[in-house]
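For reference, the structures are reproduced in the following blocks.
Two complexes are shown next, each including chain A; its partner changes from chain B in the first to chain C in the second.
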Partner chain A sequence: MMSQSLVMGPALPEILLAVLALAMLMLGVFRKGDTTALVGWIAVAGFAVAGVMTLMGSGHDTELAFGGQFINDGFARFTKVLVLLGTIMTTIMALSWMKREGEGRFEFPVLIILATVGMMMMISANSLMSLYMGLELQSLALYVIAAFQRDNLRSTEAGLKYFVLGSLASGLLLYGMSLVYGFAGTVSFDGLAEIANAGEVSTGVLVGIIFMVAGMAFKVSAVPFHMWTPDVYEGAPTPVTAFFATAPKIAALALFCRVMMGPFEAYAPQWQQVIVLISILSMVLGAFAAINQTNIKRMMAYSSIGHVGYALIGIAVGTTAGIQGVLIYLAIYLFMNVGAFTIILAMRQKGRAVENINDLAGLSKTNPLMAAAMTIFMFSMAGVPPLAGFYGKFFIFMSAMDAGLITLGVIGVLSSVVSAFYYIRLIKVMYFDDVVEPLDRLSGATQKAMLAISFVVILLFFLVPAPVVDGALAAAESLTGGTSALASSH
Partner chain B sequence: MIVQGLIFYMLAAIMVASAFMVVTSRNPVHSVLWLILAFVNSAGLFLLLGAEFVAMLVVVVYVGAVAVLFLFVVMMLDINYLKVREGFLTYLPMGAALGVVLLCEIAVLAGGWTMAPEAMGLRAVPAPEPGTISNSQALGQVIYTDYVYLFQAAGLVLLVAMIGSIMLTHRSHPNVRRQKVADQIARRKERTLKLNKVPTGKGIS
Partner chain C sequence: MTDLPLLLTSITFLPLVGVLFILTVRGDEAHVARNSRLAAMWVTLCTFALSLVLWFGFDPTVGGFQFTEKWEWLPEYGINYQMGVDGISVLFVLLATMLTPLCILSSWSAITKRVKEYMIAFLILETMMVGMFCALDFVVFYIFFEAVLIPMFLIIGIWGGTRRVYAAFKFFLYTLAGSVLMLLALLTMAVQAGTTDIPSLMAYHFSPALQTWLWLAMFASFAVKVPMWPVHTWLPDAHVEAPTAGSVILAGVLLKMGAYGFLRFSIPMLPIASADFAPFIFTLSIIAVIYTSLVALVQEDMKKLIAYSSIAHMAFVTAGIFAMNQQAVEGAIFQMLSHGVVSAALFLCVGVVYDRLHTREIARYGGLANNMPRYALFFMLFTMASVGLPGTAGFVGEFMIMLGVFKASSWVAFFIAIGAILGAAYMLYLYRRVIFGKLEKEDLKALLDLSPREVAIFAPLIVLTLWMGIYPSSFLDFMHASVGDLVSNYQTALVAAGKLPAEALALAQR
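After this line comes the complex of A and B, so read on.
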């Protein structure tokens, strides 16, 4: 037991970020004056380095570290790069926001780094315990940054609500894990998969899996565990909302994929119906509840609930194609959200931030470029070809059709038509309503750069889809082993 | 064996009863005291299991630190607990119904509990031979080797909790006069004390 040496090479990016967080904490505490920008940009550089290390590390192998607690495979590398991209872009957004509002605190980037470490640990979890530690590290940091504006009642309310409900979800997850452990006697994913493949199904382990699904559904904000999302998205400061809508969601969905396709793959016929149900509920609620919203951040919250519903189709399908669809969807979702939130952050009238949909009225006359960009993002979210969002939905729905889940696919298409209504309403407000009060011009080079990048990615994705599509395929194959889990059940 | 069984049921019964009292007692200070009783009984249960290190940890950390902290918070915060309890009776039937349903479900689960055939073997893997080494040594052997990853992660989680609580509550007040130990030590007689010769009958101007 004592003689085996500790393998930690595959976890090098995580270790780098954790050490960076400690160093930045010291820098922030001991340096006089406001160090937010310095700490923030070093953090961004750290994320970039970690991303490169993740990409460079060991080609296509699957490596285990820390005695099998930690796994680094193609799937982990793909999703980690997505998470790091999302974190980089939203951190840059947050930094320029804090500079403008004069609300900078160096703890913010430090917490973002620690949350990112947590997300990467979630993605690379290979046992129930490392899953839980990663999830808690991420969640705890997110609760704090939701309440970042502590003198703002809505921000603190968002933080508190997120914390209380999130703890409840963690409790559900832990309870499920304890049942699974009680059945299997092991927490390692490989051990669980072995026992699952041995064929015996007990009620206890199924109830455990359902509890775990409930806990994870909360983290990805799938219906019926979505109640916190609109309030938290509305209350939290806008760059924090942008962060919540991208990186943690990708990490949580990746975790969802790994848990369902790893240890519990053999139980797929049992859990499939549950995922199908929460997927349908999320898509339908996301489509209908967003229609009535007047606050654009609340609308984006419901939109993200809907998007999670579409991504869950891929997990419900449970094939390599399904997981590939999820990964493509997440990659595109990331850029759509970064773009849309850059515009939401730029919604200011006379230097004051506004967030009602009607404040966008007549944007096409006062700022045609911004209106055009928002139009592209909204059309993409609605899934209009040839924009990137269409491809995300296309791969997901195709995988559902191929696996024979016709009803699920049809409901997905229909709810996507309904959701097109409120996306297009936003475009109507921008192009056909009269200007009440013009929005300020876009300021800052970083904001413009962010907008340009996401605009180009969304608009021109159809020209070179290969890197994402092939990368997602390789990543999905490394998770599912290239076989379809449900092939036998249909 | 019978004695052990009797002790188990005694501890468990007292624990459930005191947990019930935590929720129902009117005075919040009494609630905390009942909570301490529940903690002590759970420590007793750990002792019965042969986990004496964890038992002592529960006493030291939960009773010694957490419960005392609770007691301070309860006594220092001026919260109107009658207001918090408003609606208790209206929600009671619904809550009780849910509780009963959950209890039945757990009973069904426990009644029909099966284990994977290899579970007992897998479970014993990280544990050393009982009786050969002490409790804390056995824990140390796995925490710092097999589970060092989780150990470090737990450290990061605690760090986040620390940063978070400081960030959300700490305010710097520029006008507060703080103690500066270095300045106090570096103080010399010449800088603060002035000796004047006072001529008789004239005073100091």
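After this line comes the complex of A and C, so read on.
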């Protein structure tokens, strides 16, 4: 333990980003004029460098740092790359948005960097302490970002709501962690796993786990801890919503996977039913509650609740195949959301941003490419093959069938049919309805590039699924230490 | 002739080349529309020409899959891109490639708005249909099977009639709800057998208890697609609201996907459950034949009437499939093919007058024999084929099915025969109301007879209807070996499970 205490190498990308955040803060303060774009693009470059470092830097083994508090394994690398991709794409979206709205503030990219450092810490957490540090760093930055449009009533309300409820969830998490620590006597994940494997189930630890699950369920916005999501999604500025829907969600789900499969794996029979329940509730609520929404951001909020429900199936399964399914799902979910939010961000009538679903009416006539792209994203979210979203569901449900969670599978697929209703309703509005007021044309090269990338990924994923599928398998194996019963045995 | 490794892939994806081409068309609206039509026509004709290689190159003496190809896709899961056709699927490929150019031709002047998108949707649809019949991997099959929903949803919803949104949603959600359950069955089978390769799955023995559940999950999907009573209600809506060409494809090819699924998956992979559920299928088929025929009698809308007749005809098919003897299964496949041609032609017949008068209400017509004699003649031929007049395609299929079903159960054959009588009643009643009578209505008098383009659409269908009716062997020859294998494998499985005495095997192979 002591010999590791000075090792910091595995955390180099995080350190780089933390230093970058402080440097950018100073740059923003001391340089005259509007530095948003400069700071923003440096941040994007920083994310890219951190991503490359994460991919290349540390070989393929598991490394510990900071006295075992920080772990860098295949699972962390895979999810960090996803988080960084999401951050890069949504930051770019936000930069062009701020330029257009004239709402530029250099604090925004700095806050995004801080949130990203927090997310990466969360993913790499190997003890309850580092888990909480990462989570809070992320959350505090996100609270501010949600209220970023400080003159806007809804944005400030969203930020405040998010803060109050988020603090409650952090409290629950902290309380659970203190129970776990109190009954197990250690905060280290390895130590906790050792104790769990050693013998009997301690009720105190179990209660602690349940509190922790509640806290994490809040962060991933799973039912019944989802109440904040629609309001925050609707109230926050659209690029912030896009950010919320991608990177932090991926990071929180990765954390969820790590906590359940790492220290608490031995308690799986106890927590499995809890996860199954919140998974079912999320899928069903996500499907039914979205039907009546008229605001597209609110609809996306419920859609994301539903998607989290599907991802949670993988955790409930609790096998390597399940975690692999979660990772594939998240990778695809990232691109679907970036694509959809690029279009939501482009919804403007005569320069004014609109966010009603009906504002898309007749989009296929006025802007066929945009409509076609949105159609692809919506069919993909509904899980219609050959689009990418199908494969996400495919691997999740395959792991569920393998583990014999048939009821969960049946409820899952049926709620996906219900959710298909509101996804295709969007297509109906774009293709079957007549134009009421045309949307402005897509402007800005970055927006077009974002759209093109996600479009191609979602449409053509089926051509080369192997890199994502195999990468996710390797990552899942490094987390669970096992092999998938489904893959390669044949 | 199995040395053409890329043939099936080329047939499947050639229409997508046309899509890419149409996407590059620029210019004013009329120019784009004309070029899209031409491009779609040429591409579908080329696809058809290419698929004719199957007709000439297919070796009907072999029961197994031919023209097979295989590329690794997700090998560690046993999921690979595999294509191949046998005697059961090969003719469906041809049916799909033959009907698509006719659809394009029939929409030539009927579709005036968003022609480019329309043609793209049809070309994508063709790729999905052909791919589905060629797929030799369950996952690949499922992808094509489901992907059909995307273009069809758009075709009904964009170019459909007044209640098109309702119809499109109903179509999409009904079909999706069935399919996702099949997905669970697929995944369970993949997990159990470790592969999704169709020939391997056919050879794999699933435990009887599991077979029941798998069968029900697949049934949910295929029954919606066929459609079987009582999950048929999406079909009349979809047919009525879809544009003519959409109805043609729907009736001609998409309905066959469900029955094909029974033949390709349910029966060979789950023989014991299939045998257990055969009475259930018979019951549903009998109800469908009689009930939908009666419903068809009272329809006021031409398309709706033909839609209900489709359900009745497909109920013949399901009864034939689950009778599981050589005649019945061959009859069922033949009936599917003939229904593909005849019902497609009937929808085109409706389309002809709909294009002129923009109504499908039967009461608005009457006496068309006076000023549209050629139309009356063609319509009569297809009506007779639908009724099952000897000498037309409809007769052969119905006759073989009844013959085969009679072997399995004389009561089922009896009730199904009642359906055949009712079929004659509603079709002739329709024909009388539209074609005969006095030509009194002013707007009807102005109607022109078929144009050369319309004659060109009907000509191949007439040839096929008569050819299939007069010399069915040229089609049945394709099926003998494959259907023989299917039936004998099924019976072997039943004997092995103790559900059938061993003598039955010898009897069947006689």
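Of note:
Criterion: the second predicted complex is superposed on the first by the 477 of 490 C-alpha atoms of A that agree within 3 Å, B and C clash if a C-alpha of one lies under 4 Å from a C-alpha of the other, contacts with A are read in each partner's own complex, and residues count from 1 in each chain.
The working rule: a residue touches a chain if its C-beta (ideal position, glycine included) is under 8 Å from a C-beta of that chain, and two chains touch if they have at least 3 such contacts.
If you're wondering where the values come from, they're calculated on a predicted model, not measured in any experiment.
Put chain B and chain C next to each other and count what each touches on chain A; the higher total goes to B. In the superposed model, A:Ile424 makes contact with chain C only, not with chain B. Within the superposed three-chain model, A:Leu25 lies in touch with chain B and out of touch with chain C [touch as defined at top].
In the superposition on chain A, A:Met133 makes contact with chain B only, while chain C stays out of contact range. When the two structures are aligned on the shared chain, A:Ala251 is found in touch with neither chain B nor chain C.
Contact with chain B, but none with chain C, is seen for A:Val144 once the two complexes are overlaid on the shared chain.
Of the two partner chains placed around the shared chain by superposition, neither chain B nor chain C is touched by A:Leu82.
Applying the stated contact rule after C-alpha superposition, one finds that A:Val220 touches neither chain B nor chain C. With both structures placed on the common chain, the touch criterion links A:Val413 to chain C but leaves chain B unconnected. Those residues of chain A that touch chain B in the complex are listed here as 1-2, 6, 11, 18, 21-22, 25, 65-67, 69-70, 105, 107, 110-111, 114, 117-118, 121, 129-130, 133-134, 136-137, 140-141, 143-144, 147-148, 150, 159, 179, 182-186, 191, 195, 198, 200, 202-204, 207.
Residue ranges of chain C in contact with chain A, taken from their complex: 73-74, 76-78, 114, 117, 139, 142-143, 146-147, 149-150, 153-154, 157-158, 164-165, 168-169, 172-173, 176-177, 180-181, 183-184, 187-188, 190-191, 194-195.
Residues 364-365, 368, 379, 382-386, 390, 394, 397-398, 401-402, 406, 409-410, 413-414, 416-417, 420-421, 424, 427-428, 431-432, 462, 465-466, 469-470, 486-490 of chain A are the ones that touch chain C when the two sit in their complex. Chain contact summary for the complex, chain B toward chain A: residues 105, 108-109, 112-123, 125, 141-142, 145-150, 152-154, 156-157, 159-161, 163-164, 166-169.
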